[in-house]
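Next come two complexes, and both contain subunit A; in the first it sits with subunit B, in the second with subunit C.
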Partner chain A sequence: MVKLNNFDLVIVGGGPAGLFLAKEAKKKGINVLIFDREDRIGGILKQCIHTGFGLEIYGKDLTGPEVIENLKEEIKNLDIPIFTKSMCIGFEDGKLYFYSPKGVIETKSDYYIFSLGARERNRGSVFIEGDRPSGIFTAGFAQYITNILGLKIGNKIAILGSGDIGLIMARRLILEGMEVIGVFEIMPFYGGLPRNIRQCLEDFDIPLYLSHTILKVSGDKRLKKIFVSEVDQNLKPIGNLKEFEVDTLLLSIGLLPEIDILKKDSLKIDSKTLGPFVNQYFLTNKEGVYVIGNSLTIFDLVDKAMTSSLNALDGILKGKRIWNKDFIKIKKGNLIRNFVPQIIERDVGFVKIYYRVSEPIINKKLYLKEDNKIIFEKKIIAKYPAEMDEILINTDLIEKDEVILEIL
Partner chain B sequence: MKEITCIVCPLGCRILIQGDNILNYKCKKGLEYAKNEITSPKRVLTTTVKVIGFERRRLPVRVDREIPKDKLFLVLREIKKIKIDKKVKRGEILIYNILNLSANVISCETIED
Partner chain C sequence: MEKVYDVVVGGGGVVGASIFRELSKYEISLLLIEKEEDIASFGSTIANTGIIHGGYDLLPNSLKAKLNIEGKKLWKELVKKLNIPNEFNGILVLGKDDNEEKIIYELFDRGIKNRAEVKILKDKEIFELEPNLEKDYKIALYSDGGIIDPFIGTLNLVRNGYKNGGEVLLECEILNIKKEKDFITLITTKGDIKTKFFVNALGFFGRKFLPDQSIIFPRRGEYLVTDKNLKGLFSHPIFGVPSEKGKGISITPTPHGNLLLGPTSHITSFYDTSSYLSERIEILEKVKSFIDFDFSKYIIRDFAGVRASSKTKDFIIEFEKESNILHVQGIDSPGLTSAPAIGIMVKDLINERFCLKEKVNFIDSLKKDINIKDLNKEELDSLIKKNPSFGEIICRCEFISKGEILNALKTFPYPKNLDGLKRRLRVASGRCQGSFCTIRILKIINEELKIPFEKINKKVDGSNIVYGEIE
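On to the complex of A and B.
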């Protein structure tokens, strides 16, 4: 077994968040090592060939592969060892184990960063009854087949869920010569960014069916039909089933933070983000273990997943390996879907909170309150659940153990 | 009054068009987008092309400036003629001035091995 014990920081996952953090950490003199399970670093951005990335960091509207090329260029001369084709297979007694072309590798270091990305929800998450034919894909996997493998996934496509990946794929498949009959969304509002509704659906006259869902599919070997129903305010099906003939169904029904390797023992999980509980450094309750990027919480923009990882670097530079005993807990209030961090240290000045709303918000106010004392307030003119917002709060103003984040 | 969603950046501002007036935009690029959207809408086109003789099968490519929306499929047809069988650098021009639209088709990735 190969042992690598002379690194200050081990990063698991060489996607945008992991690579960005590795670069910034190395520049601060931290001896860093990266592992990635694929043969090429870059994570999911490799297959995101559309533009919309890098605006905040590079000031340009770039494709996913171009952002990765930028990062590769930036780390080229920094002398950061990168182990590709290396899968994390265990975490025991403060040691990480990888299965790699060099055999099993054991690492031990003071700090670990997990930037493992996310998994897609699949058919099992939404219970669609009926046959089990081929032709049903998660949208991200369809993106991999289309953009990385260059294969055609089908001819006549329906998409369930109006999240951004589904919208991007609708346009992509139209451009590759396929027919997209519509996007079905169970909620009365769409899940993706407004710009993607405009440039991916409206540009190509793809119908968006709000308050509609797919209840059943049929097909012998290949998918033949989907059965669609309108739903009421309580998301219960109403009216008659409508049939659509399609040979392919894409599921764009949400992402889940990927932290399975950490879950098996004492990691504290947030039931709202489904990622770990962290403090303002994105430090978990496990000693020396930080989680960043989409394995922490699902970010709306890659740039934000990258820049927010600097919180973890800040923690490492301050030598933080465990939570302070005394901390402030943030509680979820009205119209808030989720947020990170969930806890913050006391009297540390300004701390950034990333949050999402639970439904579209027009002309309301966001508050962070301690009992009836307002710590922070901000007017919200318009905010969609697809967008992640950030606020800077002053921890010096907080006296109690608990504050509540809410929109009224 | 007509509302259009700005696609310049992920903020997705809702720009209002009232006769000759453009309202509610938040930046210069947004204003320019709205003007174009009324007269001749433009879009960035990205796709992939075939790669031969390397481990990866596709190379992501894009146009280096926006092209008229109604020319997307014509440009796409030209781009699909490209086949990559040697090393290529990110940003390298694969087709100059495609269909005389003043845009080049460039590589988004470097292929070295």
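On to the complex of A and C.
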């Protein structure tokens, strides 16, 4: 068994957030190593061959693989060991283990960072009546099949959910000569970024059916038909079922932070983000364990998942391994879907909060309040749930143990 | 002269597999035929709770009661010899009010008559076994059953019979049966097969070969599967008191750590295995009486199956008049439990007409497949040093390595599609339902078996995943 006990920091997950943090940590003199379960680092960005990445960090509109190439170039001369094809199997007796074709690897370190990315919600998350044919896939699966393997996922395709990956795939499949009959969204508003609605659907005349969902599928071998219904404001089906003949249904119904490997360690999970509870350093309640990127919360932009990881580096440089006993808890208020961090240390100056709204907001105000005292306020002209917003709050102004984040 | 088999067993479900393995102990020419591309891939066996029942609820002196009690004993041995995932932890039937208490005492009496191992539990005794159960239960019947993986059970019975010389022919559907003077001709999609004895263990699809088809009717049942995050919520299969429709909806922990909720029980007019919202709601409502808990967030998939029930309310295991066609029909619950005993009963019936001679070299067990979950870190490390593919994890939810997939692809009966691999190894049966591992499995099949991507199916031919290269 290989034992690697001489590193200051073990990073699990070599996607954009993990690689970015590894690079920054090494530059600060932290002895770091990276594990990744795939044979190539880069995470999901490898298959995101569209542009829209890197604007904040590189000042250029890049494709996913280009961002990864930049990162690889930057860490090339930094002497950071990278173990690929290494699957983390979790902690045992304070040590973190990996299975790899080289054998079982044991690590012991003061600091661990988990940047495991996200997993896609699948058919199990939404109930669709009917048969169980092939041809029902998550949008990310279709993206890999199309962009990495160069294979044709279907001929006539419907998309359930207006999340960004589904929108990107709608355009991609049209460009590859396939037919996309429409995107069906159960909510009265879309789930992806406004720019993707424009560039991926409107520019290609792909219909977007808001307040519609797929109730039933049929097909004994490959998918043959979907049955669509309009829904009312309580999301209950109304009217008659409409049939569409398709051989492929892509599900773009949201991402879930990937954090299962830590669940047995009594990691405190936030029921709103479905990722871990963290303080402003993205430190969890498990000693020495930080979580960044999409395994913390689903970010809207890759650049944000990368830059926000510097919070963890800050914590490590300050030697933070456990939560302070005295902290301020942020409570979720009106029209807020979720946010990180969920707790903050007291009197540490300015701290950034990342949040999402629960429905489209026009001309309202965001508040962070302590009882009736306003700690922070900001006008919101227009904000979609798909967009993550960030605010900088002054912790020195907070006296109580609890503050509330709300929109009024 | 064309080959005439001594016995052909029709049907690769758990009943056919049990008969096949039992008969492979004897010096006969033996063939198992199955219409699908894999054994136990379509019928009642795969859509089964996997419970080895106690035998408390069956009418005394019925065939079901006798075969249940015998079958349960046989399974306890078989799971060890054939490495079948199992948990023999006992089964609970729960009662809340006086009426249900009365029924539970009746079941207890019946259990005693059937020579089942049963006992009555009261109040605190119940909650010591199941602490998460709703607290308004006051009485329970405990019986000594358990749970197995019904697919692996069937697969390993077939593998064991095959190892002992039995032949297996898949994708062979019987279209007609001709009774000739000295033998029977099966007219199949793979040509004519001649045999002295034919055992009709074709499940619901064997009904058409019965002299009176109307005796068998289809009943469908739907199940919900939760992810493993609920492991430990319950540690025994738990039932309410039975009704005329059967044992009712249960919560059953599988040997793999998931919970199965179901089955519903509805008479259907055709072989209907699709899922319905109404039945999902029915299941979620019923299990609320066991625990006030929202299961819906934890459900990763649903499935449904059809079982062939008999109007006689008992199994039908008998020769057709003046013929060597032996019908094994109407095998609904407790069919899985009874299957090994049905195997012996069929052997005895054939033995009355055809002197069966025992093989001296029958091998009653299977070598265990490598399963990295059974190994500690040192053992795994040295295995990986010898064969690195066991260190390459393909399924992240169930921790299954490339080495295990390669082994399964090389072991008869071979998995022919993704669902075949899934049934064998549980790849793609975790929380992500294949969105991570399917691509990796496609690549392995493509590289190792040289099958083009567009020829790899989810299940039967025509259920392809992709359509070839993008032009």
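In this section, the second predicted complex is superposed on the first by the 408 of 408 C-alpha atoms of A that agree within 3 Å, B and C clash if a C-alpha of one lies under 4 Å from a C-alpha of the other, contacts with A are read in each partner's own complex, and residues count from 1 in each chain.
To be clear about the criterion, a contact is a pair of C-beta atoms (placed from the backbone, for glycine too) under 8 Å apart; a residue touches a chain by one contact, two chains touch by 3 or more.
Computed from a predicted model, the values in this text were never measured in an experiment.
J.: Should subunit B and subunit C be called a clash or a fit once both complexes are overlaid on subunit A?
T.: Subunit B/subunit C on subunit A - fit side by side.
J.: Applying the touch criterion given at the start, work out whether A:Asn240 contacts subunit B, subunit C, both or neither, answering first, second, both or neither.
T.: Neither partner.
J.: Could you tell me the angle at the CA centre of subunit A between the CA centres of subunit B and subunit C, given to the nearest 10 degrees?
T.: 110
J.: More residues of subunit A are touched by which chain, subunit B or subunit C?
T.: Greater contact footprint in residues on subunit A: C.
J.: Tell me which partner A:Leu149 touches in the superposition: subunit B (first), subunit C (second), both or neither.
T.: Both partners.
J.: Would you check which partner chain A:Ile197 touches, where first means subunit B only, second means subunit C only, and both and neither mean what they say?
T.: first
J.: Which holds for A:Asn6: it touches subunit B only (first), subunit C only (second), both, or neither?
T.: neither
J.: Looking at the overlay, what does A:Glu69 touch: subunit B (first), subunit C (second), both, or neither?
T.: Only subunit B; A:Glu69 stays clear of subunit C.
J.: Classify the contacts of A:Asn334 with the two partner chains as first (subunit B alone), second (subunit C alone), both, or neither.
T.: In the superposed model, A:Asn334 contacts neither subunit B nor subunit C.
J.: Just checking: does A:Asn324 make contact with subunit B only, subunit C only, both, or neither of them? Give me first, second, both or neither.
T.: Touch partners of A:Asn324: none, neither subunit B nor subunit C.
J.: In whole Å, what is the nearest CA distance you get between subunit B and subunit C after the fit?
T.: 7 Å.
J.: What residues on subunit A does subunit C touch that subunit B touches too?
T.: 149-150, 176
J.: What residues on subunit C touch subunit A, complex-wise?
T.: Touching subunit A: residues 229, 273-277, 280, 299-303, 372, 377-378, 380-381, 384-385, 388-389, 391-393, 396-397, 399, 401, 431-436, 438-439, 453-454, 457-471 of subunit C.
J.: Note which residues of subunit B are touching subunit A in the complex, please.
T.: On the subunit B side, the touching residues are 4-10, 12, 14, 43-48, 50, 55-58, 60, 62, 69, 72-73, 76, 90, 108-110.
J.: Mind pulling up the subunit A residues that touch subunit B in the complex?
T.: Subunit A reaches subunit B through residues 39-40, 49-52, 55, 61, 63-66, 68-69, 147-150, 175-176, 193-195, 197-199, 203, 300-301, 382, 387.
J.: If we count contacts the way the header does, which residues on subunit A are in touch with subunit C in the complex?
T.: For subunit A paired with subunit C, touching residues are 1, 37, 85, 87, 89, 97, 99-104, 106, 119-120, 122-124, 127, 129-135, 137-138, 140-141, 144-146, 149-155, 176-177, 215, 218, 221-222, 260, 263.
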